[in-house]
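Per-chain numbering from 1; labels A, B, C and D assigned in written order.
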Amino acid sequence: MQKEFDRPFVQSVLDDISHRMAGEADRGDVADYIPELASVSLNQFGIAVAPLDGLPISAGDANVAFSIQSISKVFSLVVALDRVGATLWRRVGREPSGDPFNSIVQLEFERGKPRNPFINAGALVVSDVILQEEEAKSEEHPVLELCRTLANDPTIEIDEAVFASEMSTGDRNRALAYFMLAEGNIESGVKATIESYFRQCSIEMSCVQLATATRFLAFAGNQELKEDWKLTPERARRINALMMTCGCYDASGEVAFRVGLPCKSGVGGGVVASVPGIGSIAAWCPGLDKKGNSVLAMRALEEVARELKWSVF
Amino acid sequence: MQKEFDRPFVQSVLDDISHRMAGEADRGDVADYIPELASVSLNQFGIAVAPLDGLPISAGDANVAFSIQSISKVFSLVVALDRVGATLWRRVGREPSGDPFNSIVQLEFERGKPRNPFINAGALVVSDVILQEEEAKSEEHPVLELCRTLANDPTIEIDEAVFASEMSTGDRNRALAYFMLAEGNIESGVKATIESYFRQCSIEMSCVQLATATRFLAFAGNQELKEDWKLTPERARRINALMMTCGCYDASGEVAFRVGLPCKSGVGGGVVASVPGIGSIAAWCPGLDKKGNSVLAMRALEEVARELKWSVF
Amino acid sequence: MQKEFDRPFVQSVLDDISHRMAGEADRGDVADYIPELASVSLNQFGIAVAPLDGLPISAGDANVAFSIQSISKVFSLVVALDRVGATLWRRVGREPSGDPFNSIVQLEFERGKPRNPFINAGALVVSDVILQEEEAKSEEHPVLELCRTLANDPTIEIDEAVFASEMSTGDRNRALAYFMLAEGNIESGVKATIESYFRQCSIEMSCVQLATATRFLAFAGNQELKEDWKLTPERARRINALMMTCGCYDASGEVAFRVGLPCKSGVGGGVVASVPGIGSIAAWCPGLDKKGNSVLAMRALEEVARELKWSVF
Amino acid sequence: MQKEFDRPFVQSVLDDISHRMAGEADRGDVADYIPELASVSLNQFGIAVAPLDGLPISAGDANVAFSIQSISKVFSLVVALDRVGATLWRRVGREPSGDPFNSIVQLEFERGKPRNPFINAGALVVSDVILQEEEAKSEEHPVLELCRTLANDPTIEIDEAVFASEMSTGDRNRALAYFMLAEGNIESGVKATIESYFRQCSIEMSCVQLATATRFLAFAGNQELKEDWKLTPERARRINALMMTCGCYDASGEVAFRVGLPCKSGVGGGVVASVPGIGSIAAWCPGLDKKGNSVLAMRALEEVARELKWSVF
């Protein structure tokens, strides 16, 4: 991997990609099962790179906030590991689900233990773990608090309309939660767990904020994070490993193959990719492919990785 | 990742690990479904590192040849990509199988297209592709030929006793092959495909030979390989990606998490790990865990990676 | 099938079986996942035969009331067919689930349409259909009302302690219901559907009451039922067919093979069997086998069928 | 069930149905995966009833021979039970497979033990059992011998063209057989088992021959069969039970519901139904529905059952 960081070159690559993406006709479809997301315009594209040192570099709609959705699973994993450490892995696995079918099948086969923290069932367990460890009702959702800290931006908020929309349509997640409750792997009750999970999914961030907030994945030795959130280098590396094998639903292998970087995507159309030793990338376009990943954000990451020769392999 | 290569330090790390492994009591079990492998002594352990430049460094039984088994899938993938390029992916996928159950279930759901080239069904398709492209019956198996070339060692051979043992017990692989034949994804017939596949699995190599032969995974810019086997840097990186997400059966996620390097294991007890930009590691101990990976070889890789700070993440 | 009904001989057969069952040591285990059922004594056994004409014949604890549980699915099916007729089959199938694993897997494969009305998911849909058709909030649960009518006994009641126990532990059923809600196959909401379902499961009846109440299955030409509940001969025959193929969970084939009569069992330990043209049998002992069927009740039915030469085949 | 057998009325019902079926436009499709079956004309329909006493009654193309295919599984089950008795059930189950997907999934979950003798995997085990018990190589296939005996017609033969066609396309069955071989549930080798199985599937019989040959299912007390083939009344009843729960692939529940008689169908377009105490019916039309059952033969059986009031329920 090329380690020098040539800011003007990176800027020109991002500008070029942003320009090309603006002309793309085939943009996929917005997530239509969450009404509030279904109304987002497809004609938006943003990309940002947050280097280990210096300000973020961006292009396109990189300052437009969008629903981070499943990208929040990276942040909730950090919170849960901070709270309970490696005991988390007693309740959730670390293997790709590799399932073209929904994970409830897998949950049944494996008696209520989700395969990894990045599928919905696993993220629900993570939310439950966090809830169990909240001694006092904090004013803010701890995942929101972490996002603000990592992005160094207290203006980040939860989109209440998206949250309400999720609450009104999240019955499949309730099925997963009740199933795990029956198997003894949910402790805070379904209602509280689902609500906490949907709140973190409804956090709104821009590409610039997301790239900044996920820089810790590449910046393994950050002393401040190490103390406040127990984000040791080893932990950051391991989250990268999980993103690489499980971060993009049932396209994780394909993304590893094409992009070559640990990625995490969300149905809001955002994707983050960490470039160990260099920085973090966030791209966004609301249109999704059939596997739930943003068509243009993923293509942009592939092109950035190829042109900047950023790959972990 | 630390890029300087300190030979004396690497040697001392390998010696130390080899010494500790010699004293380990819990060594797993040899693969008992292949009679010839069941008779291999558990009291062996070898490890070798092949840096991009210079001679291999090794410790323990690093020059003892063993059955490479599924590690051969890395080599056969190289041969198939050399022959047919990216059209290979029409017949085999690139996603982890993530299946606690055997992959015949997945094959049925996905109509005979295996999830990746590192599960048995996928490797059988790869063998079939290679057979289809053999114009004249070459004297040597092309995967053996590649192993000799990459290891720069013409003495590497197929263990005929292991081959005979596999042929007499490989009925589950025949079931996979007939299933794919029925779905139109085997073209050379089951007999020829199975025989070719078992021949490559029966290749015998030592840790030193394997580390040397897989160095190309880390050595993306090798000009000679690029010309003779179309092993471009991009192709090497992509094979690393597949190893990371699919290389260790249903423990691939766990290995990525713990070792942090692209690995490929075999039921002969060998594991190879590539360290992009630095070199390749091979470790071997015949005892396996329940998921089919060598208990001590995998632990050794984890320790080497940690002590030498080798991780792609 | 022998059509003459020899009351003294039937009585002697029941007495003999009841006597032998009292001495059986291996009685299975009570359903322990519903606390209220777990406390029922294993040392009880009852059996009753209700012929088409004349009073019931019984032996053992045939007048002790127990929780009918899944046997209620026969009665709720009658109510739903009365309300909506054959349109019911748009929402639930008529095939055995044949699944050693729980039906949530099947639900996922078949997009929320349960395989038959006798698995839990199917019975939940049936409950939902009934709820949708209740114009005014009737004082009594319509399934309870039907049981009283069929048994000609207004003293039949719901066991409120069992109902409360089910409500506190029914999370797997809630998972099924939310899953079907997400797929659009629950219309009354999960809470109301689950509550109505658990109420019908908590009905208490004795063997004598159950045999009397299910006599309609054998008594296809009953004019009164035909008018009040649309229980035509064809409908009774079809319910028998469903009981034969789907009535005893994943042991339905085995029961058809051994008993040769349409049966429906419940985890309270009761089983009913219809003998077309002759009458109905109900047997009860709380101990269950691994598939959820009463060990002694099923054995008693097998012996009754053999000794009285009652078989549909 | 109406026990009087009114020959003129039965004849008039068959004539009427045969006449109506001749005018049906929607006839399904012939089985196209066996080339030799794909060329059979759709414009054929036959039906025959063989009463316990007296000659068969028939209509349409009831004397045209067709490939009995899976109907042969009833006969091979009789042979295997004659040879090894109830020990057969150690190697094959008695439950419906209930699987919309192919049974290889089920085989994997249940470690190579097929769910019942009427799915392909189960019939392969039955063939293997028969082969194991053949002391001397008999001149004729024992299933063919049984068919000739039961139909009292030595002219019944195997269609060698169909057999050759099956052998050339039966790779999915070979996959099943190799899978069970790997699990230790095939003892005669795959080649011999498959060949024996395909030979029995290729037996040619007409509706009249089939109805006559399956009369034993209704004629439980036949003394001659009892001695020569150990076909006791209990055994006949149990085969009826298996046909009822497992005889028509994944439509067995539906057929029980609609027809109400134990049936066994084959992809040649034939279906047999036993009417306990009365006789046996065979109907045939080569066009199949999506589940592999003859569209018109099944509809004809439903109408015969309704008009003659023949139902076991």
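As a convention for this text, a residue touches a chain if its C-beta (ideal position, glycine included) is under 8 Å from a C-beta of that chain, and two chains touch if they have at least 3 such contacts.
Just so you know, these numbers come straight off a predicted model, no measurement behind them.
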Can you list every chain that touches chain B and also touches chain C? A, D
Among the chains here, which has the CA centroid at the largest distance from chain B's centroid? C
Report the inter-chain centroid distance for chain C and chain D in whole angstrom, where each centroid is the mean of the CA atoms. 32
If you average the CA atoms of chain B and of chain D, how far apart do the two points sit, in angstrom? 48
Rounded to the nearest whole Å, what is the centre-to-centre distance of chain A and chain D, using the mean of the C-alpha atoms as each centre? 56
Which residue numbers or ranges of chain A touch two or more of the other chains? 101, 109
Connecting every touching chain pair, does the picture come out as line, ring, star, complete or other? ring
Those chain pairs that satisfy the touch definition: A-B, A-C, B-D, C-D
Where on chain B does chain A make contact in their complex? 1, 93-101, 106, 109-110, 115-116, 236-238, 240-242, 244-246, 250-254, 256-257, 260, 262, 276-277, 311-313
Touching chain C in the complex: which residues of chain A? 101-102, 104-105, 108-109, 171-172, 174-179, 181-182, 190
